[in-house]
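Following this line, the structures themselves.
Okay, so chain A shows up in both of these, paired with chain B first and chain C after.
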Partner chain A sequence: MTALRTLLRSPGFAFAVIVCALWVIIALFWPLLVPYGPTEQLLGSRYTPPSATHWFGTDNLGRDVLSRILAGSRSVLVVGLASTALAVAIGTTLGLVAAFYRGRADEWLMRSLDLLMAFPIVVIASVVLAMLGPSRLNLVVVIAVMLAPYNARVVRSAVLSWRDRDFVAAARMRGESGPSILFRELLPNIVGTINVEFTMRLALSIFAVATLSFLGFGIQPPTPDWGLMVAEGRPFYQIAPWVVVAPAAAIASLVVAINVVAQKLRSS
Partner chain B sequence: MTVAEVLRVDGLTVEYRTGAGVFTAVRDVTFGIRAGEAMGLVGESGSGKTTLGMAIVRYLAGNGRIAAGSVHYEGTDLVGLDARALRRIRGNDIAMVYQNPASALNPSLRAGEQIAEVYREHLGLGRDAARERAEGMLELVRLPDPHSAYERYPHEFSGGQKQRIVIGMALAMDPNLLILDEPTTGLDVTVEAEIMELVADLRAQLDTAVLFISHDIGLVARVCEQVGVLYRGELVELGPTERVFARPTNPYTRGLLACRIPTGASKDTGRLRPLPQVAADPGPDACSFEPRCEFRTDRCSSEHPDLYDAGGQHSRCFYHPDVRRAGAPTVAAVSERPRAATAASTELLEVRELRKVFGSGRRQIVAVDDATFTLAPGRIVGVVGESGSGKTTLARMIAGLEEPDAGTVRLHGSDVTRPAHQRDVAARRALQMVFQHPDGTLNPAHTIRRILRRQVQMLSDDRTGRDDAALADLLRSVHLEPEHLDARPRQLSGGQQQRVAIARAFSTGPALVLLDEPTSALDVSVQAAILNLLIDLQRAEQASYVLISHDLATVRYLADDILVMRRGEIVEQGPAAQVFDSPQEPYTRTLLSAVTARAVDVGPVVEPGDAGGGAVSV
Partner chain C sequence: MLGLLIVVSIGIFAMVEILPGDVGNLILGQYATAENVELVRRELGLDRALAVRYLDWMGGFVTGDWGDSWRLGIPIAPLVAARLYNSVIFAVVAFAFIIPVSVTAGVVSALRRGRLPDRLINGASAVAITIPEFVSSMFLILFFSLLLPWFPSSAMVPAGAGPLTTLRYLALPIVAISPVLVGYIARTVRASTITELEADYTRTAVLKGLDWRTVVRRHVLRNALLPAITVIANQIAWLVGGLVVIENVFNYPGIGQLLLQAALVQDVPLLEAIVLILAAVLMLSNLVADILATVLNPRVRAQVAQEVRR
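So, the complex of A and B:
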């Protein structure tokens, strides 16, 4: 707790936490906050530039960009958090198992993960999503599977520094099973590492969600989504730049804020 | 101040800035060392001895600073010196050897070149001349075959050899002052004996002044003419080694000496006298040792003593004449001879032709080779040997933590040669282990309550835990308080952590406890308390111990029988008295002579008692 207090005293960290918290509040309560319905088409007001009535202007169908951004925060955060949680759960388990049992299982596991890591996330994900069809669930699973190896590696090396301590030997001598040693004895000691990992992967995963939506493999129209909004606005960038700039800024603010939090957590 | 003093430390005070405020690690320390003289600094961990050694050459951590005082090296005050001049003195005149030999060597440079570099830098010698001198130094520090040793890299040497190379580097610059900080900690006794002999030789040859920092009183007594005793950053006693250790005038020195195991003593000769462990800081207006002192009066809690002249030595105690008069500390004789272990018809532990090979192909190492021995109920067997002799592997195979390649382990007559978690609950309950490193033995993420409760739960037949009252009793049995149940391991001292580990091992009444270097990571004063505790528990529970230790005094004190291991083989076994007094094997003799050489005339004597069998010579 004292460590957290020290962290919050750093202005960069505090600001980043506030930005993240704002997005979470928006994602939870956007129906109360939006000035217009996110899919509501205001006839006769296509490509309205930012003004007092439409802070971020309107798009090609006359929809309020601000409302769509606020509404779009939910899908980005839900898919991002879900895929990160799944990735960390898979990666942590694999990392624990590989580090604890070592030997051939470790070799096979780590080499397979290396293979997976050799491919860029977005390339593999777009191929898989093209085959499975775009859906929120598929998006979550694909991103999780692609991110898990990174997590597994970090967890494995963290566990390696703990597994040969005498308290593990003491646990074996009282007859603890393998899973019990993994999850009761070792896991609690790497919680800090996992927290940092989670935050770092979250930023990556949100960026991946936005990228895949931009490419058309993620959230489908007319659902408001940041990546999709950038894609939809792109052809009209010359006449209505705000349609692209606003969601891009939203993505950047969230990803950068999470990254700042992750960096500070890691160095503390 | 004597003119010939190489080093003069005056009123040195060192502070560390920490999250909790300013911590004074060294307070107003004053002493001097003359050329060719060796001065020892002894004290428990946390006494500030390493900080003092670092502060002398101004190698303090970033948050440390010299708050007051001066350090004069041949008349120059190092405290006020600019970085360049300081570097020149550190490089040319003062050499340092620190505890961990591996970190002092560059792993990517050949051993000989690291010494040759010193000659090139300091004497401006050419390549060939430097090499010649470096090989000479390798010979001087007694590395076998200096010519080929020159070409080898640090990882190709053993720990003791690496430390010799570091000492060679330190001596290559022909220093006027050599600072040794625990130079042999972690090395085998035989290696330690050689290194200390080497330092003594070199001192005689080169007239180097030596500052020797160690927790090991016996070693300091053997090497140094002068000794300073540090307690909480202060010198509490200072004087000629013989006087200080034979007639201590400070209660702390006396207490430190009293908790040592007397040479040749065994658990039947007498109980050890640990110093009371008190964490409380009495504050600046009291004697720092007051809470633990047996000579304390009201004055001690209201006034801070100076370093008084106590006739030939100096002591920071108001009552130094009383302390001197109290004489050498004694070991309390046991009033009641323990019942001899009943000769049972069945052996508790039978180890048959146990064998373990590590690695494969050409890099195979036979860690344990056909080890066979038996242990009767209620007996303590000590396993001795140098590091790498296979003692720990043997214990881990018995514990079920390492799978043997051949051989059997029988407990109470039934075969338990399989991994610990595959043994039945009765076998697991009967065989427990206490480990070497107190900081690794308890899971830092768990509370003491959780650690003990889980142990009891896993080893009970019905997997029920015990209530807090039972766990509190368990803690009391190892002299800890029930409040410690809520603590996490890092909130406890090393000694307290080891007590919890002992409580864990004894929680379900084991018949056999494996003790792997149970006290080697602890201060002497704590060591004595833990050894007493282990003896009490052993007698109360009628348990057997397999004690693994490189410290022969500890083994001699605890063990009824001895196994001597060398390169994986048991080379000698027999009753402790027989093995120690008339060793049959040449290797055992070498091992013992290394220890006898250390056993100088310090430490407690045994009080004549009705059962003690008279005084034991020390």
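So, the complex of A and C:
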């Protein structure tokens, strides 16, 4: 707790935390905050530049850009958080198993994870999502599987420094089963590592979510989503740049804020 | 490496084949009759066993017959080769920009550790590695193509353009793909330079009265830049991922654009060929980096020479 207080004294960290918190609040309560419905088409006011009535202007269908950005925060955060949670769950389990049992299983597991990590996320994800079809669930699963190896590696090396301690030997003597030693004896010791890992992966996962929905593999129209909004606004960037700039800035603010938090947590 | 490539090819084949989605329906649309779907499947040879189809595919791949694209109806090999060529050109130009910038930034940052240049470079690279390429592209296009009409917003280089015109067309996409890569490489170079600056031999060199510049150039950098090669090779995977995005944003006719087009219309044979080629390119570049690191490392070189002599 004191560590957190010291961290919050750094203005950069505090500001990043505030930005993250703001987006979470918006994602939770956007229906109370939006001035217009996010899919509501206001006929006769297409391509309206930013003004007092439409802070970020309107798009090609006369939809209020601000409302769509506020509403779009939910899908980015939900998919980002869900895929990170799944990735950390898979990665932690694999890392624990590899570090605890060592031997051939460890070697094979780590080798195949290395192979998976050698591929760019976007390439694998486009193939898998092309075959499965774009959907929120598929997006979550693909990103989780692609991010899990990074997590597994870190967890494995963290566990390696604990597995030969006396308390593990004692648990073995008591006749505790493998899974019980893994999750009840070893896991509690690496909670700190996992927390840092979670924030680091979250930044990467939101990077991937935004990119994949920009490419057309994520949330489908007319649902508001930041990456998708940038892609939809591209054809008329010249006449209505605000339609593209506003969601791009929203993505940048979220990823940078999460990353600042992650970096500070890791170095503390 | 060949063994690894075979494993990867089986992986790619399995990934595409096992995932659901019926091919007959993919081609004919969802209202096709069952007989027609069956006919298409037989025509494409999809009624054969999985292993037979894999061997057929691999055999064709090795002999240069990569089959036809389902959607475009043209042979895959020349199409992929042309697009890969474009992407390689782009990647080479991009690296020619990225490597000097990032290595300089990393070294400067390490030499001025804790002072203003270091803090600026460190902060900038921390931000740079987090922003998706398509977001930075949008801002670059806004500032340098729409507000200030200096560069074209598309990278479709007109036919017969000279090198200068080509560079003008590639400028924005290259700057857009750089931040993530520059950030990573700069950080690694900074870390390895700091390690070498703190090493005992550096102190010895300073204490024996060598000029500081000579110490940095002849002692520190020689050791610090070696690990950078491996890092740069590892970043090629990021570069390829970034290429998929950047080529689509800037409309550049490379393999990343082809990949996305093939994925969006589910052109299975084209998709398989592209991913396999990309896998081969990635492995090849890692191999080249390993060899390069060995050749440039006098310690390893001496070891190898010794073993050869024996």
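Operating definition for what follows: the second predicted complex is superposed on the first by the 268 of 268 C-alpha atoms of A that agree within 3 Å, B and C clash if a C-alpha of one lies under 4 Å from a C-alpha of the other, contacts with A are read in each partner's own complex, and residues count from 1 in each chain.
Keep in mind that, in the parts below, a residue touches a chain if its C-beta (ideal position, glycine included) is under 8 Å from a C-beta of that chain, and two chains touch if they have at least 3 such contacts.
Note that the structure is a prediction, hence the values are computed from the model and not measured.
In the three-chain model built by superposing on chain A, chain B and chain C fit together without any clash. Applying the stated contact rule after C-alpha superposition, one finds that A:Pro188 touches chain B and leaves chain C untouched.
With both structures placed on the common chain, the touch criterion links A:Ala148 to neither chain B nor chain C.
For chain A, the partner touching the most residues, choosing from chain B and chain C, is C.
Contacts of A:Ala210 after superposition: chain C is touched, whereas chain B is not reached. Of the two partner chains placed by superposition, only chain C is touched by A:Gln238; chain B is not.
Applying the stated contact rule after C-alpha superposition, one finds that A:Pro120 touches chain C and leaves chain B untouched. In the superposition on chain A, contact is made by A:Gly175 with chain B only, not with chain C. Seen from the Cα centre of chain A, chain B and chain C lie 90° apart once the structures are superposed, a value rounded to the nearest 10.
Once both structures are fitted on chain A, no C-alpha atom of chain B lies closer than 8 Å to one of chain C. Those residues of chain B that touch chain A in the shared complex are 396, 399-401, 419-421, 423, 425, 428, 431-433, 435-437, 440-446, 454-455, 458-459, 501, 504. Taken together, the chain C residues at the contact with chain A in this complex read 4, 7-8, 12, 15-16, 19-21, 126-127, 129-135, 138-139, 141-142, 146, 153, 237-238, 240-242, 244-245, 248-249, 259-260, 262-264, 266, 271, 275, 278-279, 282-283, 286. Only residues 165-167, 169-177, 184-185, 188-189, 191 of chain A touch chain B when the two sit together in their complex. Per the touch definition, chain A reaches chain C in the complex via residues 115, 118-124, 126-133, 203, 207, 210-211, 214-217, 227, 230, 234, 237-238, 241, 244-245, 248, 251-252, 255-256, 258-260, 263.
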